């Protein structure tokens, strides 16, 4: 299976919701065929993005640690990345005899998405690898000199393995958070030198040493729409829309913008494509946004590591099996959710719900969210949506619905 | 060198223990004296111009059951196996090629060389031998008979005690014949090592090693020549020389090799004839068995017929 | 005629034989092929063995090298086994790096070998943390006609049993190494693991076990690793492998173990008598 | 050569020309086409040369590095050849097309330089068993117009002639390590003795005769060619009149065959002789050109041309 | 069967935890923990693959095993082969000719018995993906302790025997072992694994019914 392509119709649609404040009646007709899409356009006034987020809103960030030091799974919405740091003693490079070595390796297996082939380097892999290298190696955030054991003979070589488990957009940000977290979390075995020989202590013998990080850089990604709209944390669809060009050439004003920044709001990396290349205003705007975002991310990462450390000291077993949750299993049906309304609260919902119950055919069911209790999900099953004949009826209900929120 | 993750690897810094033995480095003259005794005979008792083809030659076909044709050759200690497979379409080729192609690969077993362990990845030596083997075989195979197809010839050298290219060519010639690939002529090959005035026909590994070393006296000839011939057609299909020698020496070597290549032919012929005889015998036996079975069947049929007729 | 039949209807051809209680090569179900062993035929290797089980031919060559032991295990030497499936042994293999199949065979071999614990890696250490032997065992397949692992284990064990290590003197002051190849001590080998493969063929209502299957029989019974391999060392099982293929019933298993045991005894006898022969010739 | 189609009569014409030792472009059978050679074209390399023979364009750079000698040859240096057949030489090299040719050329060069009588590796030794020079010879094929082997060997010899190796003093320290002392003056360097370095001559068999330096048309008439590597003569490469007037006979350092055909033993012998004669004249011409070039260099009168400067 | 029932009471499998559809982009996925060992498996397919690896009779299984620490090794290929052969038997490949089914296994935590965990996880992921199966399979590992007693789960034992059984006849599909053991131990271990496989099948049923309730 090769790449998943978006239809022009889909592309245009997403363009429209993001870039225009409203959609005229005539254009509504253009999307009439795809009912769900039609709906969303109708609702454009109450949300800004397909999944109901604001321009500036990111998906939920979750970090969980494995049993070993330096292994973590980071999930940003549905995007999931596994990072593992390992270390070994090697000979240093000749030009830098007193520095350790940092090696970053990104792998995208068919697990991430079916279009990827096994054991094959794609452009995306190389691009991602290079970005992470720029962000963590070239920014000199790691004290490589502290990794030296014997000058010109023995140094620690750290290897960060990044495995993409699920590719649902914004890999760069997710992978960079994973890299940062695993590096910050990692502890290497202690070493003592006695004369010529070097003794490596196991973790049981001596407490391991954490890696020294001078600063915590994070890559933040923005999708650019219509020349001046910035979407933080773009989803897979948003990414593919803003980087592809449509036949009509509407989308020349799109592009991805990657900003690497540390918690002190210092810029470490800038990767521009598309509109960002010629529009300096948007870059400025993005940098301001990125500063806040990177601060929150780094704070979260630090907080997580600290709490992990304290629970480890209490000898609580930490293991990846903690990711598996029962309630997650029960809320599985939400995973295919395509539309989320933002400004709804449960009370509004209830009144409306009674309304809907009158008609059994309508399969709009509210359920408590696994993300946030106050928000409400709408599951619109496409099977019902295909029932074009009832379009007007749906519209009338939905119209009513949108009068309610303030 | 990146680590080969498809195999089990030993430690990176391992070295053969032979490097630490007393007689690892010997002087040139010492080595030379080791090769030849006072009577001018070589270590294994041969005269200088005597090849191993006469007494120390062993060859057989049908070595590998899974291959179309195969052969095994032993020149005293040098051992080579060769197998030939059915023609197959040339992979990754867009253009039509009028002539069939030969794909040759010569590989040394990791334990085939006395002093160092061979790496698994093909080294320059193996590549050069593969090219030379293809060069030697191309003129003898009727390549026009299988256009756009390729025949794979694989040679594996189990033990290298000199003249491995010659052994590889001889084995490949036998295997091709065994696989019933149409050929113009029997192909044979032989090599000679030149050290000064002396010519070691069909050299052993030690002789080859010395011939490749720099002689003490400036300007002496040294080197190795391998030549393969189509004996009936009197054509040289491959000629490789390395070292340093003057024209007279080369000319002389050519003459010796020409003779020697012809000497091997009867050996090869004998093996092939044996092969044919075996085939015929096998066929005969199979036919007889079939006949027996047919008779038995007929008898049974008769019985049934009688049974049917009777009731 | 028979060959064409085999080409066109490989399954039916096989079925015809099996349902008549005989195998295509004329063997009975539990009959194994002849085993021929020849040790020390290669002079360039420290120890070597050529093994033929029917048509399957493998050559094992052992080479010795010296290295510093791993920092984590300073008292252990190294023993590296690799199975090489050369392109010449079957048209299935192409030249180049080892295929997945070759890697699986290599792994199975080294797994069985390390499980049997017949060689103590401590014996291979000369000076702890400084110097140890590296024993490279390369097993080359010249002709693959089924039951490859069985033949490989025989070749490996036969060559290891003839292996002897030269004496090494190591000077801790100057770190100088001296090797005397004339004074040798034989390597201690404890026991002798022997593997026996069985192909399981599911004939309607009946599961048939074929001992020591040929390449064709293996293919018919499910391919790569689908046959059941039992490995015995001194009466103890040191590995059994079966991956997919036809189901194996409980009652078959006892039968399998019995045959494997008999064969293990036989193979050990073959190897020992072969080594004895070789030694008597040497003298 | 792809795209070159000759009719039978054209082939016969070429063949007759070769028979009469008068080829279609006016050369005799052992004549080369005109060549263009310049040395010291790459400032970063220790030695370099560029050679153009008809349409074949070759750039050779020599790099030196300090390395450990091979354990079985403790007193010699090392030399390695790398040939790069890039796709801009000819479209056929695209992808992995040039790889085989490249490895066969580098292999041929390695074999030709193997004998110490061709190139003495002992002059690269710094400290026996511990340190030696390693020469990396990078051969870049800029344009491929046939007869690559000959051109490569000429360019390599010229580049080696041009190579300067810094003087290094080596002293054994305790602990078995070698201390190297390099002079501060970058011009404090020595030249290599490359007089006897071999040249490769490709002899293309057309009809019963062999020709050197075949054109593309001639190449398509032949099924087999013979490559002979012949040692050079030191005399051609020094200005000093050697008192020892003994003319050194060219020796074969390597012989190989290329092409799908075969030859009779008699032709083989003749071809080898012919190759040695051709190599001798070629060697003499090369020596003169290189000496002249060096002379000009010393007097800063060198008129440099070519696209690389 | 009396003896076996007693065994069932005596032995407990390591606690198992599972989540289906863990990954949104894969056709089927499962994450499974057995004790402290955790595996993540994704199944994609049937989908279009290279023409060279297509088979006209059945769909081709492509197995990819990713260890946690990056570098591939020979042992990974072996594990891939075990999983491939076992799944090949279970998947009704003849329904999807000329296609490929990709199974990717990611190691998350290995505290022993990873291959057994990966096999069970692969089975759950196959169930989740909706690929037609002949039968489901369950892998159970037994350890042999110092006294020569057979222990289910067998964490920390040098000698381990793992068996895979199918859900229909409860016959042996795959088995592999570590260490040395006697014949009797082997037969006992196989019998115990077979009894314990019932528990695993029950667990499968539980997970799948919960999942289907959720939808």
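Per-chain numbering from 1; labels A, B, C, D and E assigned in written order.
Quick note on the criterion: a contact is a pair of C-beta atoms (placed from the backbone, for glycine too) under 8 Å apart; a residue touches a chain by one contact, two chains touch by 3 or more.
No experiment lies behind these values; they were computed from the predicted model shown.
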{"item": "Target subunit E, source subunit B, minimum contact steps", "value": "1"}
{"item": "Result of counting contacting C-beta pairs for B-C and B-D, higher pair", "value": "B-C"}
{"item": "Chain whose Cα mean lies nearest the overall Cα mean", "value": "C"}
{"item": "Subunit A-subunit C separation of Cα centroids, rounded to whole Å", "value": "50"}
{"item": "Chain centre separation in whole Å, for subunit E relative to subunit C (CA means)", "value": "28"}
{"item": "Computed distance of Cα centres, subunit E from subunit D, in Å", "value": "62"}
{"item": "Where subunit A touches two or more other chains at once, by residue number", "value": "none"}
{"item": "Residues within subunit C bordering two or more other chains", "value": "103, 106"}
{"item": "Contacts with two or more other chains, residues of subunit B listed in rising order", "value": "6-8"}
{"item": "Complex interface listing, subunit E residues touching subunit A", "value": "17-27, 29, 31-33, 36, 38, 40, 42, 44-45, 47-48, 62, 64, 66, 68-70, 102, 104, 106, 108-109, 111, 207, 210-211, 213-215"}
{"item": "Subunit B contact footprint on subunit E (complex, rising order)", "value": "71-74, 77"}
{"item": "Partner subunit C, residues of subunit E touching it in the complex", "value": "74-75, 77-78, 80-82, 84-89, 161, 166, 169, 171-183, 186-187, 190-191"}
{"item": "Subunit B to subunit C touching residues, read off their complex", "value": "4, 6-11, 13-18, 20-22, 63-67, 70, 77, 79, 81-83, 85-86, 105, 107, 109-114, 117, 120-121, 152, 154-156, 158-161"}
{"item": "Footprint of subunit B on subunit D - complex, ascending", "value": "71-72, 74, 103-104, 106-107, 110-111, 114-118, 226, 231, 249, 251-258, 260-265, 268-269, 272-273, 276"}
